[in-house]
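Chain lettering (A, B and C) follows the sequence in which the chains are written, and residue indices restart at 1 in each chain.
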Amino acid sequence: METGSVIGYLVSLVIMASIYGVFCLGLNIQWGYTGLFNIGIAGFFCIGAYTSAMITTPVPSGILAQYVHQLFGLNLPFVFGLLGAALMCGLVAFLIGVPTLRLSEDYLAIATLGIAETFRLIFNNERWLANGPQGLMGLPQPLHSLMGGRNYDYLYLVIVLIVVVIVYLLIEKGVRSPWGRVLRAVREDEISASASGKDVFRFKMQSLVFGSMVMGVGGALYAHYTKAISPDVFTPLYGTFIIWVMLMAGGSGNNKGALLGAYVIWGIWIGSDFLMDMLPDVIRDKGPYLRFLIVGILLEVILIYRPQGILGEEKKVSKMYN
Amino acid sequence: MTILKAEGISAGYTELDILQNVSMKVKSNQIVSIIGPNGAGKSTLLKSIFGILNPRKGRIVLKDEDITGLKPNKVARKGISYVPQVSNVFPSLTIQENLEMGAFIRTDDFGGRMDEIYNLFPTLREKRKQKAGQLSGGQRQMVAMGRALMLDPIVLLLDEPSAGLAPLLVSTIFEKILDINKTGVSIAIVEQNAKEALKMADHGYVLAMGRNVLDDEGESLLDNEEVAKLYLGG
Amino acid sequence: MAELFVYGIVLGCIISLGAIGITLVYGIVRMANFAHGEFMTAGAYIALLIVSVILPWLGVPDTTFGPLSFGWRMLIAFPVSMAAVAFIGIFFDRLLYKKLRLKNSNAVILAMSSLGVSFMIRMIILIITGPDYRFYRPGIMRPALQLPFGIKIRPDQIFIVALVVVLVVLLHLFLQRTKMGKAMRATADNTELALISGIDTEGIVMWTWGIGGGLAAAAGMLYGIDVQIHPGMGWNFLIPLFAAAILGGIGNMYGALVGGLVIGIAEQLSTAVLTPTYKLAVAFIIMILILFIKPEGIFGGSDK
């Protein structure tokens, strides 16, 4: 195998893992720091990706308009796609939060699941919105003119890593602020947090919205990496479950843990693909199912034997009454 | 003859022990009252005896058997019944069903026993098809005690049986407790209503801040000036 | 319209069976079981295995009962599959949830664990049978009966409603007349008091998983008889199941029954104006509305 293609493959690996890392950071705000059980991540993944796609492409015209339907197309640069994705997800999160944040945790989970499934149905059925099951293609890639062609991925990797670092730093700053301490107080003991006068609902809402905005950014990064998106990409498995496993494995309540989990689990995911290749055909055909089964078992093992994940929660940050 | 004793119990719900080295004993057929201010650890003591809490130090002995740390359903089988202060009935079950649940671990025919309980609490017999959650406070307390008595216990632990009841009902409940005692059941009762609790007690224990403060015959405690000032409202 | 209403009752009966399981588990084991949909799927597939592989191999004939689309094979497979999924439910409880309970894990961790279980079950099914849609009797055509008001209904569907009625009545008798059933209701009411009364609450938990799993399997098989079998079928039921349980008042078995019927009817009626794929969304909207207006559900709250 040429070194070039090995490195190229590794680069694409790291890009995907980093994109998932962004999702983990977003989920960490909601779950790790605030205790919100969001199992509708796929919904925000979907909305973020589609929003960015439609912001950065033009409305189809001419003959193309007969085949591709799109609600709007602003044809703006990549950065606007990212921002738009974040804002849209934040808005949706806010609207979801109003009726559901006062519910108990498992009810919130069911509600987020319902939202994700409903959005997937809408994007799949309403062709006028974003081309229905065929989805959108030919999504632009930022700065493609600089380094187009086979080496573009290196440039995109740099872009993604820059976004990861920015998001990480922003969240770290937020988490170490007084705001962050209240979030953790809410997670540990809602009743006494609210007894000490904190408006618990407001903090949960902020956490839900910011976390979702981060997930929107992740969705946008994904869309512009794969250049084509369709509703069947955003499944409960690839769009929600794997992110949960990543966060629980890396360490919820810990941003480094969130990123670590993304890289480790994605590495295991890709690694298991290679392992499958070496097995007889009969088993290899069931490859993705076996691999997801293993991921599922991994989650259960983590929950029972090491629920704090590899890195565990940051001790320094978790002592709220320092 | 001592039927139940707690020796040197230290126990708590977290790392902090609420009870420190507390001891108490109940003799055959006695009513023993445990009084003291809020937070003294009186309920915690009952819970430690019944196995809801594991004491960190000390022993619980029933007759001659060490039952420290046994789980509640095992303690129940040994002959101790416990009536918690709150949440002490099955609200969506009828009175009859509540009593049946009380007899859950019995393997014999308990119809006779149920009859005896209904004789003790005639109102319950009338209303036995009603759901326990719809009853008044006093009736609920009777169901709670009836449920505990279905097991024919040797010792009955009562946690604040008069809590939240109107004064008239309080005396009814205390009368019932005396009736229960007359049938041969030893009783340990934790009470806020110290005066009434001591009136019917053969022996009384005063707990404060998780420790034994004083213990004496019920009557003597009633006459004790310190006790009167601090715990009986003068 | 009347026809949709009748189909709604059929679908509602299936949803009710699942919702009763969800509500029992929530009330007694105190967890939201996200694997309940997959219990349905597992039930349908286990029956498929029995009906199309095991029984033919054993030489059981492929006859049908009169106008129904199934016969001896399904009759044998039905209780066997219910028992199998009952055991699957108990198995995962002992393997996973019990350990988490002993560690005092909170409700979210338990729910998360059940989410993992749901994916594991689905992957196992996919590994064994693949993603295709299947039928118990491929190619079977059963004419519909004509009822008054121009309603067409298949004999299978009448059977579904009848069977659900039987199962619900049996469950009712169990809960109201037997010692174990009363102990289950008691544990749901007040777990601590049940412990204090000497009730073996862990045993009750096992019974709950057994009954919940069995009913879910039945629901899955009935759906398979009525419509089809595919690996995602249970997952698509998850929202309607929870919606029904919440609508009826979580923890209340009779509420789940009513809730299931309401959701089923609403879903079918919605197909008059929406594409059928949106049925799930209809259930979801109803759930959100109930949570907004009366979160304890129709029969909820409280004599506690």
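List of remarks:
Everything that follows uses one rule, which is that a contact is a pair of C-beta atoms (placed from the backbone, for glycine too) under 8 Å apart; a residue touches a chain by one contact, two chains touch by 3 or more.
Every value quoted in this text rests on a predicted model; they were computed, and no experiment measured them.
Distance from chain C peaks, on a Cα-centroid basis, for B.
Among the chains present, the centre nearest to the common Cα mean is that of C.
A straight line joining the Cα centres of chain A and chain C is 32 Å long. Our note on geometry: chain A versus chain B, Cα centroid distance of 55 Å, whole angstroms. The distance from the centre of chain B to the centre of chain C, each centre being the mean of the chain's C-alpha atoms, comes to 43 Å. Residues 31-32, 34, 96, 99-100, 103, 105-109, 111-113, 115-117, 119-120, 123-124, 126-127, 235, 238-239, 242, 246, 275, 277-278, 280-281, 284, 287-288, 291-292, 295 of chain C are the ones that touch chain A when the two sit in their complex. Chain A meets chain C in the complex at residues 35, 37, 39, 99-100, 103-107, 109-111, 113-115, 117-118, 121-122, 124-125, 236-237, 241, 244, 248, 286, 289-290, 292-293, 295-297, 299-300, 303-304, 307. Taken together, the chain C residues at the contact with chain B in this complex read 179, 182-183, 185-186, 188-190, 192-200, 302-304.
If you check the complex, the residues on chain B that touch chain C are 50, 52, 71-73, 76-77, 82, 84, 87-93, 97, 100-102, 104-105, 131-134, 147, 151.
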